[in-house]
Amino acid sequence: MAIDVTPSPVRLKAVAAPGQPDPSPELEQLYRGFERELLVPLWTEIGDLMPLHPQSKAAAHLWRWDRLKELAAQAGRIVPVGRGGERRAIALANPALGGKPYATPTLWAAIQYLMPGENAPEHRHTQHAFRFVVEGEGVWTVVNGDAVRMSRGDFLPQAGWNWHAHHNAASEPMAWIDGLDIPFSYYTESQFFEVGRDRIGAAEMTTPDRSRSERLWGHPGLRPVSRTGALPATPLLAYRWVDTDRALAEQLELDDEGETCTLSPGHAAVRFTNPTNGGDVLPTMRTEMHRLRAGAATLTRRETGSSVYQVFDGTGVVSVGDKQWDVARGDMFVVPSWVPFSAQASPTTQLDLFRFGDAPIFEALHAHRVQIDR
Amino acid sequence: MAIDVTPSPVRLKAVAAPGQPDPSPELEQLYRGFERELLVPLWTEIGDLMPLHPQSKAAAHLWRWDRLKELAAQAGRIVPVGRGGERRAIALANPALGGKPYATPTLWAAIQYLMPGENAPEHRHTQHAFRFVVEGEGVWTVVNGDAVRMSRGDFLPQAGWNWHAHHNAASEPMAWIDGLDIPFSYYTESQFFEVGRDRIGAAEMTTPDRSRSERLWGHPGLRPVSRTGALPATPLLAYRWVDTDRALAEQLELDDEGETCTLSPGHAAVRFTNPTNGGDVLPTMRTEMHRLRAGAATLTRRETGSSVYQVFDGTGVVSVGDKQWDVARGDMFVVPSWVPFSAQASPTTQLDLFRFGDAPIFEALHAHRVQIDR
Amino acid sequence: MAIDVTPSPVRLKAVAAPGQPDPSPELEQLYRGFERELLVPLWTEIGDLMPLHPQSKAAAHLWRWDRLKELAAQAGRIVPVGRGGERRAIALANPALGGKPYATPTLWAAIQYLMPGENAPEHRHTQHAFRFVVEGEGVWTVVNGDAVRMSRGDFLPQAGWNWHAHHNAASEPMAWIDGLDIPFSYYTESQFFEVGRDRIGAAEMTTPDRSRSERLWGHPGLRPVSRTGALPATPLLAYRWVDTDRALAEQLELDDEGETCTLSPGHAAVRFTNPTNGGDVLPTMRTEMHRLRAGAATLTRRETGSSVYQVFDGTGVVSVGDKQWDVARGDMFVVPSWVPFSAQASPTTQLDLFRFGDAPIFEALHAHRVQIDR
Amino acid sequence: MAIDVTPSPVRLKAVAAPGQPDPSPELEQLYRGFERELLVPLWTEIGDLMPLHPQSKAAAHLWRWDRLKELAAQAGRIVPVGRGGERRAIALANPALGGKPYATPTLWAAIQYLMPGENAPEHRHTQHAFRFVVEGEGVWTVVNGDAVRMSRGDFLPQAGWNWHAHHNAASEPMAWIDGLDIPFSYYTESQFFEVGRDRIGAAEMTTPDRSRSERLWGHPGLRPVSRTGALPATPLLAYRWVDTDRALAEQLELDDEGETCTLSPGHAAVRFTNPTNGGDVLPTMRTEMHRLRAGAATLTRRETGSSVYQVFDGTGVVSVGDKQWDVARGDMFVVPSWVPFSAQASPTTQLDLFRFGDAPIFEALHAHRVQIDR
């Protein structure tokens, strides 16, 4: 029943500075008392903790797809996939976040790689996840026994606490990206994990073109009468490129016809949504596909919360704060909180950008702010 | 500043009956006082007003499509369409509702008919509406300037207070059904109406295959990023038969494969929904398409609130309370509140039933009850 | 399996009028066909069914409290209370609604009267109800076994499907008003009813000052941690005059101090709310208490949906459409849909008005419109 | 337009361990490639990042009130309050969180201290805050010009982005606790801050017994009709001890009478709620007062997310994981995520515990799990 007596990690230093009490022996004595009792005054911390606007700890950064894929392929040759490590997934580590596998403070972004015939074992976790396929095909993700095909351009959300495994049914390796809220779950300490079967059954090794979830939920504006009510995450396990591409193309056509429907002239965008409530596919992640007509540019925009982008197709230039990069297929980059972002397609090709971010967290907590320069 | 002295419409009669006060001169005198003061006691009315369960004032009834169409065609020859009458729409009048044009106490159901080249003038009203096309094609509904094609199997919701007109661009007459919440709006006295242009402009006389609304909103699980938030009614103006048919077919396939996704074995059903919130397309009306495999039957079900059905395809037998009818394409019938309903497809053809009802009213007010006999 | 052949209630008459087809033998023949097939064209009905704005079927009307109470007392002497009649409740019958016991198309308003020692038997129904006490005391309403005191100024909501009985524990008769959504439930055909015990038990004959519901839920801004989530109706069974009066008085004080918190200068108003969601106490009825400072007037206001008012205290003048009445304690009057309403307190006394209306129905269905003349 | 070339913070080490690839020169080469490209594999991190259940980084810890107050008083003597430092607030630094001023990963808990006549300058920030007063009186918090008295037992929520200042109008120093979501806002990088006036105006130096917010919003079940709709945070700025105490006392009385209304026998609890929606007072923090009858114990409970408790009155024993402490008035302790908590009042006095936690974050994101041992 004694109070803990571990050596205190608190370290305080009296400094002469505006807004700080003048250094003095009494102040030093007070600070030693604070350290002993595990206390920290606001006045030494307020500048860092309560800035005038968000000052992201994360850096804007770009990862080149060819380098990611090369290292993933190298891992494919020497690192087996199996229970324990669970996945051959290699995460972006933001250079300003101390070497942790966090693309941003809240988001995990990784390239996953599966060799021909390989299986990633079944597990489930409360972290929400998705897959996005920038190239290739041949892998099926099996979710609660439902085998879901993965092909270029497809977006596959994976709500927390569903059993899932992957198997590569093709003769080629395949790479794709995984997005999860692992850093947020880690920070908020709300995560659960369970291992499932080491290998899914033969019946689930089927390679259907359409999953059961798509057959049940993949019809525009229609839902099965047997499934009523709003679900916190989407029951639709695949959003196919053919639909996304058409939606973007038609939005640009309407833009041409004078309909106000794009984010700015030449900048179409669709959001992947949960058909049971019209909101984001996952409670913690917003996912979108953007298309810029050749030569067109986005408005400059910043918002609370962070995003990760992957170039799906085309070439262009993107600006994140004071950084600027020429980008091409597969390249990935990070936009930290409250850092201005803009992009421009090259003069000759349209630019397709896949984006995911943590906006649903801020919207749910009434903390979302957006600023757009028009 | 005097109290109104119109002759009282109240009539009370003392009767000897259980739960009623014994007739007497004093009681008669009291009742005369009630009449004079415009008062009615609960004890004479409670049996009717507060029954043990809903006792619908409406009757179960069937209208044959060939008779509806024949009369509509006759009207097409002699009744012009224009401002004032507004629409050549002919409503089902439930035989138990005193000759009023109400299919049920809350729902309006009509056959509308437009001759080649005809235009129904533009107007808008707060009543919510939809069109459903059991056969034919060639008419476009123009909603806020967006021309929407109407073809067999298509469902076209029309939220209140949007401008709309119809024009028949074909060389044949066309008939379809209109569903509205006119009786409910009339009863609750909340309706507004405005006339628009007598004739829509030439630019709106286009006959596009896909409306602007479909190009913007008709993609499964996707929404334009430029349009956020939940809308009270769907922005998608057409739900095409090709999608509805496929959704039903796939639901039956899944049923065959053992997936629990139908309402009962062999009974698939999809609900038309608002992609911005996943709920019903209109605040006051639920709309669904049901498919029974050849020989299959629904469970017997009753619920608070009423429905109107139209046979879209196939043949079968339907039971509504103690009525039973053989039905075929286009036939329409009414299921009053709390009256048991079941249907069975004929042994050789599947039966497709379009259904609309007032369930959203009851759900919004926490007054929805459903009873299913399993 | 035959179609119903009851004589048709439909009656149609060709008339020469704008917007109507010209009378002719063919038209007469068409109309006979419509009658035979139970059909009614829109063009003969549209003016009535779809007016430019709501045209209430109900009339503005005033009932004087002394006349209500006198007749109720007379009923107290000669009409027993018991099973079957259930309650000695006498309802306002709007003079324009055909003698039906409806104050407005949706609302029931009645005076209920209980003699010393009398008991009104236990029952429950899905209709939502409340009691409001303009004078007197001595009756307890027993809700699911919880005895709730009724005294002048108290408001007692009673959500549907709760068991309830009344007993008069005093030596004097007592009158109060009941408000219910009986007409709406009757119209929408969603009502259920069950009889309970003929007489509540001795343990429930207690006459506590505070009910259990008040002890659990009657604390400002506090709720029991054991009861989480939003309930469709309030669990608090009594809103006491001491609280309502203070809230109104403090609102007028703040108004004096320059805070913008009243509906207009000198017009304070509080709404009775459900502490589990902050909304109306009942899913179908809004209830409020208004106070006008001596000489102050409300703005003129109209809205979709209807209201019933009772003068709680003071005197003044009220205007409903083109009617105007001097009013005093207990007087009740009706404001039909979309009819302008205003009130003014007499120069020397403040005017307290209790109001109930059907606005939650319209808000839930996105059909509420309000117009205020400033 | 070059990719960033800062030295990589990533450090990877091949180790021989279950679930890890066997160390080899190729693996080392791969890891060097990962480091160079700012990549981290899942397989080296999964055990830490994705545990079977939450493993809190925070420690259970207790701070004694007498030590807190003594150090705060010492600070009162030597540290001035003013612009820059903003507040004389001294935060609990969880011993396992590296000396940061975080009571838990998401919550800030501090003792604030104001000398007689002192003023804390006006500012506003998006972080949500509250004050809770364990003893003393004499300080007023001025929120948007509304002076709110602070006295023992009072709870004062302070939604983000409202201007606020404090002034001590008494002749004694006063201490209270502040709770904020500073760590969560810092982590999610969504915080904004603005300075206001250095000194509030004379008109706001009033010391009213009741604030304007209480007069407008502090009535049970009542809200001003002029303020409709749900607000994300409570507009009521003070929840007074007299109400909280009575609610707890009445809950225990009902418990005695056999009503199921406490969390377990002898354990009453009320939650401070937002009267506009019935939910938590602030979007990110849940606040409650618990009372254990003398000798009574809580059930053992754990949940995702963390809490901070302060003993308001009485004595008892609390257990947090494997720690156990005797506690008395003012003592504060931390319950980390998923660590079991229980408390027991001493045999002779009831124990009142004030609690705040981050549960609304988890509920909003559908990530709340609770486990109770019965």
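All chains are identified by letter, namely A, B, C and D, in their written order; residue positions are counted from 1 within each chain.
The rule we apply is simple: a residue touches a chain if its C-beta (ideal position, glycine included) is under 8 Å from a C-beta of that chain, and two chains touch if they have at least 3 such contacts.
Note that the structure is predicted; figures quoted are calculated from it, not measured.
*Asks:* For the pairs B-C and A-B, output the one whose chains share more C-beta pairs in contact.
*Replies:* Answer by contact count: B-C.
*Asks:* Measuring from the mean C-alpha position of chain A to the mean C-alpha position of chain B, what distance in angstrom results?
*Replies:* 44
*Asks:* If you average the CA atoms of chain B and of chain C, how many Å lie between those two points?
*Replies:* Here chain B and chain C have centroids separated by 29 Å.
*Asks:* If you look at chain D, which of its residues touch at least two other chains?
*Replies:* Where chain D is concerned, no single residue meets two or more other chains.
*Asks:* Graph of touching chains, which shape: line, ring, star, complete, other?
*Replies:* Here the contact pattern is a ring, one closed loop where every chain has two partners.
*Asks:* Provide the residue numbers of chain B that touch chain C in the complex, in ascending order.
*Replies:* Contacts found on chain B: 1, 3-4, 6, 8-11, 18-21, 24, 26-27, 30, 33-34, 37-43, 45-46, 49-59, 61-64, 67-68, 71, 74-75, 77-80, 82-95, 97-101, 105-106, 110, 125-127, 160, 182, 185-194, 232-233, 283-284, 304-306, 317, 323-326, 336-338, 358, 360-362, 364-369.
*Asks:* For chain C, which residues count as touching chain D in their complex?
*Replies:* Residues 210, 212, 215-227, 230, 234, 236, 239, 243-244, 246-247, 250-251, 253-254, 257, 259-263, 268-278, 281, 288, 290.
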